[in-house]
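Got some structures for you, see below.
Consider the two complexes below, in which chain A is the common component and chain B and chain C are the respective partners.
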Partner chain A sequence: MRTISVDDLPAIIAGSALLCSAAGDTSLDGLHNVTAELLRRGGPVSLVELSSLEPRALCAAVGVIGGFAPMIELPPSGHEPELAIRALEARLGRRLDALVSLNAAGPNALFAIAAAAALRLPLVDCDGMGRVLPLISQTTYAMAGLSIGPLSAVSLAGDVLVLDSDQHRSDSLLRAAMQAAGGWMLCAMYPSTARQLTTAAILGSTSRLLDVGRLLTTATDRGSLLNGLASTVKARLIGSGRVVELGHATRTTGARHYPAVPTSVVVDEYSGTRRMIRLEGQSELLLAIIDGVVAGAVPDVLCLIDRHELRVLGMESVAVGDHVDVLILPAAPTWHTPEGLALAGPRAFGFPVRHPGEGARR
Partner chain B sequence: MRIGVRLDATRAHGVLVHAGRVLASSSISKSAPFDRQLTGLLRQFTDPFTQRGTVDSVTWDISAVLEGSLRRAGHKHDSTAPVAGPVGVLRLLPRSPYAVGHTSALVNSLVAHVGTARGGHDLFGTELAPIDLESAARETAKARATGVTALAVIATGASGQAAHEQLVAARLLGEYPDLRLCLSHEVGGLGLLERETTTVVNAALFDLAEELVTRLEGVTKALGGATSCWFASGDGGRVTPRRLRTLPVLGLSTTPAAALLGAAILSARTDTTVLLTDENTISIGHVRDGLPHVESDLRGTLGVRLSTPQPALTVRPARAAAETAALLTEQNPANAGVVVPVTPEGANLADWLTSDPHSGLSAVGFDVDPSTVGTACAEPSAWLDLVVTAGTQDDLHRQQSLLEQRALTLVEAGGARPGSGRVIRSAATSLGFLRGDVYRLRVRASAGTRP
Partner chain C sequence: MSRNRTPEQLSVAELVHFGPLSRAHAFAAENLDRQVSQVNLVSELDQIRQCEPHAAVVLHGSAAMGVWAVESALRLAWERNASCVIAPSEIAVTSSTAQLAERLRVPLFVVDDPPNHALELSATVADTEAARARLTARCAVLFGDRSSVRDIVGVINTEVPGVTAALVTKDGNVIAGRSAVGRKGGGRRVQVSVAGPDGQQWAELVAELASSSPSWVETVETILRLARAPLTASIGRSRLAVARRTARERLLLEILLNGGDATEEAEEAGWQLTGRHVAVVLRAAGRTVGADDVDTPAIVFTWRDSFAHLPIVPVDGAWVSWWTARSIEPGHVAERLRQYLAEARLPIALTAGVGVPGEDLVGLRRSITEARLAAAVASRLGGGSVELFGELGPRALLACLPIGEIAAAARVALNDLIAAPDAEVLITALAALLDCAGSTGQAAARLGVHRNTVLSRIERIRARGVDLDSPDQRLALHLACYSLLSTRQWQG
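Up next is the complex of A and B:
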């Protein structure tokens, strides 16, 4: 059994940035400080294998719905995890035995650890996304048929909600409440047993995050970082260049129900063919197009690395003139199934294209 | 003609510049009476050149003195510097945080008391909790009991809705007329923690800034009434003495910003990468459209994240020089960057970096302090950072235009010639995972003329 202590936080923070192209290394110092404080008070968190739990052990996924900016403006006070978990337990009439991450990526990687420390519960080494996706219903948990509710949510002012609804309505109802509550809410959701999670969760997500984070925090040069990411998470460099254009509201087709406006980033490659890499996103980077050909697509993770600082550039901080490496990290295999691509592939975001992997399988 | 002077712990370094050309430079040791010595330094520049014209301005870079006083409060380094702070902190939040103290040792060293009262707004301007003025007054009384004369007031959401900070200020100034307040919306920016740090640092520097600004205004007056007095700011611009008295935090991190600007002027390049070298490190920055590239929320030289803009620098160890040069050459073989030694010991590293004629790296600033050149040539500037909601693209453009106009107005109010302002950067960033109409607007403006 591994544990997560305050000493592991720098690696957790760095790893979570790589898997979240929306935030990148946006400063979430308030969240980091609260997580550190909870770990100091509650002691290290036990990171356990799903198989080590009793099949009937009750778990719930912890994660935030909302934006980073409100979280920066008013960081968590540290009381939210306990309020959310106790509200869910009261609704279920039973104590939880362990917590799982909604997604071990971005700020939610920290929230799950903070909650486990605050409640002194073990954290299972798994999640339901393996990356960041905009909707709390875009999970392998939902894909496997787990119910998102009942769920509880706590606002930044301390309001507590308990919600019983289906996947789709939970997301839209909660999003409306989140907006009214100030921009983010911490949720406890997908209450399920360890047995149910066996076929629903992406295993080893937090360990992967730690491995990637250690690489990011120790790499001293670009070559060793890129090689390390290739061997650790099969990351692939698709190009390097200068950001020459940023834009909003690029046209897409299909449903526009995601909580962000589309954004595009254009990278001009330095040498050789001088190709233009066009990246399309809605909060997260979702699509990479090189000379009209789809080079990478959601659910795989696309990210930008600052070539000099060796840090992840988020969509909210990338600027024209930045020099970047563009990387693709393959998503968990379950996302590459037809059901996975239907839920979180490029067409689910309104892009009328196939995921590159779809062609390869034909 | 313009003069730029940089004060560090032991010396004053000055330069006389006209039309982007260095006419003279000099450096003096700090010894009593220092004000008289500084007057001598200025006269040393002006006397041989008075036939050619008058000195329009003297701009002072005092960041080393300000940073030294902050570090001394934290019991680090520079024991000769005056001590900053201490200050009281009043947070206006909808609920108390789990941990009361700040995580930065530097900030903690500046703070004598932290109190919390209910209040604050969300990012969209909605009240999260009604303001509790009685509680605010009680916490302020506790802070006063520790002997502080300055109070930092930080309400969540204050950058977009400052009403609670203003209500508290009105109440407290009625009770404590001698209390100096720094309200977080005055320093601006997104992020409670970042604004708290910036507000605390600002309040801690009130007394020192007052004393320094008054003295240096007096030194500048020795050149006659036609010469105006300015202070360098961390965004590569300059501010009036009055503004620095109110917002001394603007006087931090000015030296690297001025060095980037100085490198651009000395190399006559308006868009370039700049490598500032000392004995052990290479700090990579950028000049865009003739001005140093700056960002808010950076840790900077003090190691704490400030909401005010500072130069965006990547610091690499000297042993990474070859890899750094190769990356820069790959990025732009024709103009990989301008190398500027910022200390005498940095000249060797600068020499090494520019020794390969095919690297695209060129050197300037071996015979003159580039930061003093940048200080002399700095112009009034403004930086605005706001979160807005905009239902349509037209609405977004309208709000962005209004913010640009506000920034230009601030530039003129800061002493620029009417009509000389230009918008350097105006960016609207969609904020992730919120409803699709929330944007962060960042606008930077500066006076457009060069000396």
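Up next is the complex of A and C:
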């Protein structure tokens, strides 16, 4: 059994950045400090395999809904996890046996660890996204038929909300409450048994995050970093070049129900045919188009790595002139099923194109 | 389906030149040679995969949802060998998209209303002949509406996009239109000759095509031919106007010079009669021309080009003008004239005479007379010469002598002398002796010979029956020598 201690935090933070192109290495010091403090107080968190739990063991997913900016301005106090879990337990009439991550990527990777430390509960090595997706209903949990509710949500001010609704309405209702509450809320959701999770969760997410993080924090040259990422997470380099354009002009089809504005990054390749790599996104990078051909798409993770400084570049920090490697990290196989692509493929984000792996009919 | 079509398919270039694409913003516009067989309005990117080769792909709906979609469309269009891609203008096409279009060599056009454009394009592509006929007809109507040469050439430059036109004289002088035409020599040129009112070839109407196909060249040539008759009519009208005006002004100047009162009419003509004047007379070099000379309009045009504010009036085979200013000096005027004679594109070689400054109408009359005499001297010296009466002094009188007649008489009167084998030497010596008032020393210095040589030549002259000592004969002898030397007529 692995444990996660304060010493593992730098690796967790670095790993979470790779899987979250929106934040990149945006510094969430408040969250990092609170997580470290909870880990020091509650001791290391046990990272357990799902199979080691009793089939009837009750679990809930922990994750935050909200934006990075409010989280930087109003960092968590450390009381939120306990309030949220206790509220959910009160609603369910039963104590939880373990916690799972909503998604072991971005800030939520830390919130799950912080919650497990605060409540001294084991953290199951799995999650429901394997990356960052904008909606809390875009999970393999939901895809497997798990109900998102009842769920609890807690704000920085200590407001506690318990919600019983369907996936879609839960997202909308929570979003409205979250705006009023200060920009983010910590949630405990998808209450389910270990048996239910067996088919619903992406296994090994947190340990994968740790491995990636260790690579990023210890790599000294570009070659070994790219090789390491290729072997641990099957990362594929699709091109290297200089960022020549950043834009906000992209539009997508359908109603806008995502919280972020579309953006685009254009990378001019160094050598050979000097292909143009256009990355389209809404906070997260969602689509990679090389010379007009879709080369990569959500739910696979697209990320930018600064070639010189060997660090992840988020959409917040990328600038024209940066020299970058563009990587694709394939998503969990569940996401590549027709149902997975319907929920989190490019068309779910309003890009009327096929995922490159989807029905290669032509 | 394209097999059944006539080979006269429109190229993308032609759609740009006279079709609906003329109003579009173009990227990768160097690759417009491809022909367009059909127009496909595409609302989903996948539909491009079904397009026939040489299609014009018009994007709307979800196929035009962003720059990324346009780039995908460019790529798919390239795979299908489409002729061009047309996108809506709400998409901000940036340099990276333009670069991709250039790299794939797929022209990209941005228009306000793609579905409407698709309709117009379809209509145009379906009927090439009609599109050309419409353009030609529009030009023909506009040619009829325009009266000046400049406006007629302007119709070609504005209505036939991708074509720059100019009206150029035989010696390369641009009369109207874009002076850049033909300078770079890059594009395809089409030219037709334009006749003047006299039916003689007067100028060339030259058009340069940014890109060309045989059918497009033919269309442009037709349009140029249509412009010929209006151009000839226009130049006829303007020549008539010039002729009328110069005739009126000639009459007016004659009245003024003969002491008549026409001050009011002169003011109407814009002439300044009060103040300090310096008169100028232009004359054809070495010959006399009539006042209604055919070259008058061209001379009037060039003069107005150089000195728009000065009159120019043809009088008695010469052209009269004058500067009026308090500080004007003949030397300054001569300088300006030399520049004009050297640079202006004149139909004949001209010379000029400049009078002495004079005050008001009386002074102007005198100055014109002086300028006329100076011009007569200048015209003997050849094209481009400018003489100032003030510098000539009484020498100007010589210009009035009928030299030819005097020389003919001299040949008879000095028959013996002219018959001498060394006649030229003797006549030159005689002229030098008379010029130097009989001083053999001065004459020797002037001729560059020893005094004894002069003395021996005098002896030979006397031997030929010329009496050097008779005061009655001296003026006649002097005139005879001057006329013979001026005309070289002893050589017979």
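Observations on the structure shown:
As a working rule, the second predicted complex is superposed on the first by the 357 of 362 C-alpha atoms of A that agree within 3 Å, B and C clash if a C-alpha of one lies under 4 Å from a C-alpha of the other, contacts with A are read in each partner's own complex, and residues count from 1 in each chain.
In the analysis below, a contact is a pair of C-beta atoms (placed from the backbone, for glycine too) under 8 Å apart; a residue touches a chain by one contact, two chains touch by 3 or more.
Everything quoted here is computed from the prediction, not taken from an experiment.
Steric overlap between chain B and chain C is absent once the structures are superposed on chain A; the two fit side by side.
Within the superposed three-chain model, A:L38 lies in touch with chain B and out of touch with chain C [touch as defined at top]. Residue contacts after overlaying the shared chain place A:D291 against chain C, while chain B stays out of touching range.
In the superposition on chain A, A:V100 makes contact with neither chain B nor chain C. In the superposition on chain A, A:E245 makes contact with chain C only, not with chain B. When both complexes are overlaid on chain A, the residue A:I72 reaches chain B alone and has no touch with chain C. With both complexes placed on chain A, chain A has more residues touched by B than by the other of chain B and chain C. In the overlay built on the shared chain, the residue A:S283 is in contact with chain B alone; chain C does not reach it. After the chain A superposition, the centres of chain B and chain C are separated by 60° when viewed from the C-alpha centre of chain A, nearest 10. Of the two partner chains placed by the overlay, only chain C lies in contact with A:V266; chain B stays clear of it.
In the superposed model, A:A87 makes contact with neither chain B nor chain C.
Closest CA pair between chain B and chain C after superposition: 13 Å apart. Common to the chain B and chain C interfaces on chain A are residues 249.
Of all residues in chain A, those touching chain C in their complex are 244-245, 247, 249-253, 262, 264, 266, 268, 273, 276, 278, 280, 287, 289, 291-294, 350-353, 362. Contact residues of chain B toward chain A in the complex are 93-99, 103, 120, 122-124, 126, 128-129, 156-157, 159, 190-194, 284, 286, 288, 293, 297, 305, 314, 316, 320, 323-324, 327, 330-331, 387, 393, 427-438, 440.
Residues of chain A that touch chain B in their complex: 22-23, 27, 29-30, 33-34, 36-38, 65-70, 72-75, 77-79, 134, 156-158, 175, 179-183, 220-222, 242, 246, 248-249, 256, 258-261, 263, 270-271, 283-284, 306-309, 315-316, 319, 321, 323.
Residue ranges of chain C in contact with chain A, taken from their complex: 44-45, 49, 62-63, 65-69, 71-76, 78, 91-92, 94-96, 99-100, 103-104.
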